[in-house]
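Labels run A, B, C and D following the written order; every chain starts at residue 1.
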Amino acid sequence: MLLSNLPALQVVIPLVSAPVCLLLRNPRHAWACALIISWLVLAMALLLLQQVYTLGTISYAIGAWATPWGIEYRIDMAGALMILIIATVGAVTMPYAWRNIQHELHRKHTGVYYTCYLLCLTGLLGIVVTGDAFNLFVFLEISSLSSYVLISLGPSRRALTAAYQYLVMGTIGATFILIGIGLLYMMTGTLNMQDISQRLPEVADTRTIRVAFAFVTVGVSIKLALFPLHIWLPNAYTYAPSVVSAFMAATATKVGVYVLLRFFFTLFGLQFSFNAMHVGEILMLLAVAAILIASLVAIFQDNVKRMLAYSSVAQIGYIILGISLATTAGVSAGMLHLFNHAMIKGALFMAMGCIFLRLGSVEIHNMHGLARQMPWTMAAFVAGGLSLIGVPLTAGFISKWYLVNAALTDGYWPLAVLILVSSLLALIYIWRVVEAAYFHLPGADMHKVREAPASMLIPTWLLIGVNLYVGLDAGLITNIAQQGAASLLGQALQ
Amino acid sequence: MTELLGHYNYWIVIILMMTGFYIVIARPNLVKKVIGLFIFQTSVFILFISMAKIEGGTAPIIEEGLSVYSNPLPHVLILTAIVVSLATTALGLALVVRIQEAYGTSNEDDIHVQDEED
Amino acid sequence: MMQPLLDVLSWICLLGGAIFLLIGAIGVLRFPDFYTRLHAVSVCDTLGAGLVLVGLIFQGGLSLVTVKLLLIFYFMIFTGPTAVHALAQAALQSKLKPLVDDHEPR
Amino acid sequence: MEHLIDIVLLGLLMITGFAIVRMKSLLAVAMLTSIYSLLSASLFVVLDAVDVALTEAAIGAGISTILMLATVALTRDEEKAPRHTPLLPLAVVTVTGAALIYGTLDMPHYGDPAAPVHQHAASAYLHDTPGEIGVPNVVTSVLASYRGYDTLGEVTVIFTAGAGVLALLGYRTRRRNIQGPGIRKLVVLRVIAKLFFPLILLFALYVLFHGDYGPGGGFQAGVIFATGFILYALAFGLGNAQRVIHHPLLRIMAAVGVLIYAAVGIEGILLGGKFLEYGVLADDPVTGQHLGIMLIELGVGITVAAVMLIIYYGFVSRQD
């Protein structure tokens, strides 16, 4: 009975636990509640993935109302993979959060932090699972509103302005999406994504649908921080509490990419999106610009969190690059990189959290000689950094390899060169940190710095472990990504 | 001419939407930006409600003797969206209050100057 | 027999209410300072909206609508003056001087 | 006639919108925003969206205005001129607006009964509601049952806002009742507030339980309920209001409302149905629908009222 209701429970259980968390006055209880729920969500995500793997796409009618009238939950392979990413990152960051939150947040905020975190988790899961265009908007707002709060809780006052900037841009994006959904509804008379895609061909050649497409694309691009709409991201990730940066960098923008995939392939269809609207060319240009410019900017950052944030913009460029090819190989490479980058960035931001806990700063010039004091943390950073660069035997290499292959198959050899060049840029900015930490003489106060606590190190290494495992044996995850891409494009070709 | 009469409602609504949008992106005052967002969103609501209207229809509350009702679905969507807009406004204004306390100003340009000095 | 009479009565009330509302609006625009403008506003609240409501009651007849309209009327006659009173007090406390005629009476 | 009212209201909205752009005094802008919201509520009535009108009037013109005024009181009232000439924003707005107007050209005409929106799902809602749900107000039936999951999301959004304001502004309980200057001293206001306070609460309950038959429902009721307490706090001071409903109670209420809603949904699963399937709650599906709608509207009302007060307390407790 519960198993057949898994799609609904996947979202409802974190939703219900959020108000419960608010009621728990003791921060430790709130943390325990959030921890248990996070791991439960991960268990459910694995079960769900297994169900989708064996049974194929799952459809669940909420309230038992038939599809165009009620709201449908629809999970295919791509969705199941996204849920797994969100659940993994959530489950891993929660044990890490306890020390980090104690250190970076005022005590009176800790209880509310866990509530907002659970709400954010709910929102992100809800976006992925839903098959209804308007329901997507509602859960998008749940995740956005809670992430504005999470970011604003950061230790410096600039967290407030970063959150405000994100709120303004995020709301503009959400309103654009709402306008797009409204125009789509106006022309098709339905909100169910499958239903819209069936009714769309009749009206696809109207100016209204074209405008709807444009608005949805721009709105989602703000949410996923596509260059040049990324300006909210560096500040938000720099000034948020470290665990929030890790969680958001690994999930929020990724879910944005997923929404874009849903709209392009499931809703509008490959034919309309790429052949009629030529969105592929535009996305490819923006992705190339994102990769080059953001990587270059990252090199000149002294604050490592900000550097990683710019690197995120570049990595989103890679993912979008894969999607812009609009082939099964390209999209599956994009999805593979989506998974890998979530793991890499999560681990790197968590390593920064460890450093901030002990050092009180994440500026490169304060990190001289840090590797001797915090060997495990810096080793995690190096392992993650290598993966970010795309060195063989790491996860980053696998996804870049598939990306290059996909580009070459379509005859875009300059893209392969671009990926190589940008990997060199990544090498430079990662090297700056490594150089400071390993090859500079330690500063005067450095001997006081101790290694980070195990409760923070183990989660960091868990994500690094996933990275290294994928680097050695990418069979399963590649298979899932390919199936996901095939299911997305398969729907689009129908 | 019918083209013009058929869409005048939407055109005015678009002007309203752009008024709000303009306030958000052009004005440096943080309170006014939130107000701009509010205007922008409210105008989008009017767009949705306009599309629900049927000529000669009545409110979608079923009664004896009536047969033409306006479309209830956009009304439901907008009820949700109004609540979302309130949530955004409340959070945005709460952030402005905190920014005012932390920076002593709620003008974007002044905040940038202070951030540069840090 | 009754219906035309009621219609005429309700139209008279509605039009009268509209005229008073117009007068109130002109007053708000034309009066020289805050306190005098408040006088103009109160015309809208009492006679203007009141007459419109009475006109609507004639249209509604003996039904639930009339009860609701009477309730609205009840709210209006309480809240209107209170709001004006609060406004005037607020203005006075923020040291807004009323405009007075300083000329000696001739 | 309807078209005339429509055009007049739209014209007034445009004038108000432009005035908001031009005005420098933020107090005036906040009041104009309230007027803008009230005008759009009137427009919603003309466009047959009575439920939306009630909500917009209560939320947009009511609570939002209070929050804006509270913020303006805490920040500086005057707006400074922007440092840059707004050429880029103007260009962005022009392009966006032009794109939208381009998009309208293929739209179905305003009020056209043959438009696709009126054909597919909507006509089924209107046709099936009497038999499947048994409430006359179709907006309520769609909101609470057909798309009840959206509404759960909506309650969660409001809950998120409450938690967010709690995190950002916190709260301070007043032990003593600070008698600030200004309108709190007014005897007339106090008498009227005392007179109307119970009536407002009664009206909130009416809106809550009459939502099946007329405009209204949990959201509107919750906001009206909160407005009653805000009036009380304005007239008698925040301390006295907090003595009536204190902060821990508000937290519990905000959480309990969401939990009631979700519990109704999970009860559906436990009784062998789908999530949020009300039909299984009673022997007769229509009775089950009634029961489900009643319970979730109650949950919505409780959460909304509590969150509105949390937000209000949060803003006002910063005032000193």
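Quick note on the criterion: contacts are C-beta pairs under 8 Å (C-beta built on N, C-alpha and C of every residue); 3 or more make two chains touch, one makes a residue touch a chain.
The shown structure was predicted, so the numbers you read here are calculated from the model rather than taken from an experiment.
*Asks:* Steps needed, at minimum, to get from chain B to chain C via touching chains?
*Replies:* The distance in steps between these two chains is 2.
*Asks:* Between A-B and C-D, which chain pair is linked by the larger number of C-beta contacts?
*Replies:* Between C-D and A-B, contacts are more numerous in A-B.
*Asks:* Mind checking the centre-to-centre distance between chain C and chain D? Centres are C-alpha means, answer in whole Å.
*Replies:* Those two chain centres are 28 Å apart.
*Asks:* Return the distance between the CA-based centres of chain B and chain D, expressed in whole Å.
*Replies:* 13
*Asks:* Between chain A and chain C, what distance separates the C-alpha centroids? Give it in angstrom.
*Replies:* Taking the mean C-alpha position of each chain, the two centres sit 58 Å apart.
*Asks:* Going through chain A residue by residue, note those that touch at least 2 other chains and give them in order.
*Replies:* 134, 138, 141, 145, 148-149, 152, 179, 185-186, 191
*Asks:* Touching at least two other chains at once: which residues of chain C meet that condition?
*Replies:* In chain C, nothing touches at least two other chains.
*Asks:* At which residue positions does chain D touch at least two other chains?
*Replies:* 100, 104-105, 107, 115, 117-118, 121-122, 125, 147, 150, 153-154, 157, 160-161, 164, 168, in rising order.
*Asks:* Can you identify all of the chain pairs that touch?
*Replies:* Contacting pairs: A-B, A-D, B-D, C-D.
*Asks:* Can you name the residues of chain C that touch chain D in the complex?
*Replies:* Against chain D, chain C makes touches at 75, 78-79, 82, 85-86, 89-90, 93.
*Asks:* Mind listing the chain D positions that touch chain C in their complex?
*Replies:* Contacts found on chain D: 181-183, 186, 188-189, 192, 195-196.
*Asks:* Chain B touches which residues of chain D in the complex?
*Replies:* Against chain B, chain D makes touches at 6-7, 10-11, 13-14, 17-18, 20-21, 26, 29-30, 33, 36-37, 40, 43-44, 47-52, 55-56, 59-60, 63-64, 67-68, 70-72, 74-76, 79-80, 82-83, 86, 89-90, 92-94, 96-97, 100-101, 104-105, 107, 109-113, 115, 117-118, 121-122, 125-126, 129-130, 136-139, 142-143, 147, 150-151, 153-154, 157-158, 160-161, 164-165, 168-169, 213-215, 219, 304, 311, 314-315, 318.
*Asks:* If you look only at chain A, which of its residues touch chain B in the complex?
*Replies:* 134, 137-138, 141, 145, 148-149, 152, 157-158, 160-161, 163-164, 167-168, 171-172, 174-175, 178-179, 182, 185-186, 191
*Asks:* Along chain B, where are the residues that touch chain A in the complex?
*Replies:* Result: residues 17, 21, 24-25, 30, 33-34, 37, 40-41, 44, 47-48, 51, 73-74, 77, 80-81, 84, 87-88, 91-92, 95-96, 98-99, 102-103, 111, 115, 118 of chain B touch chain A.
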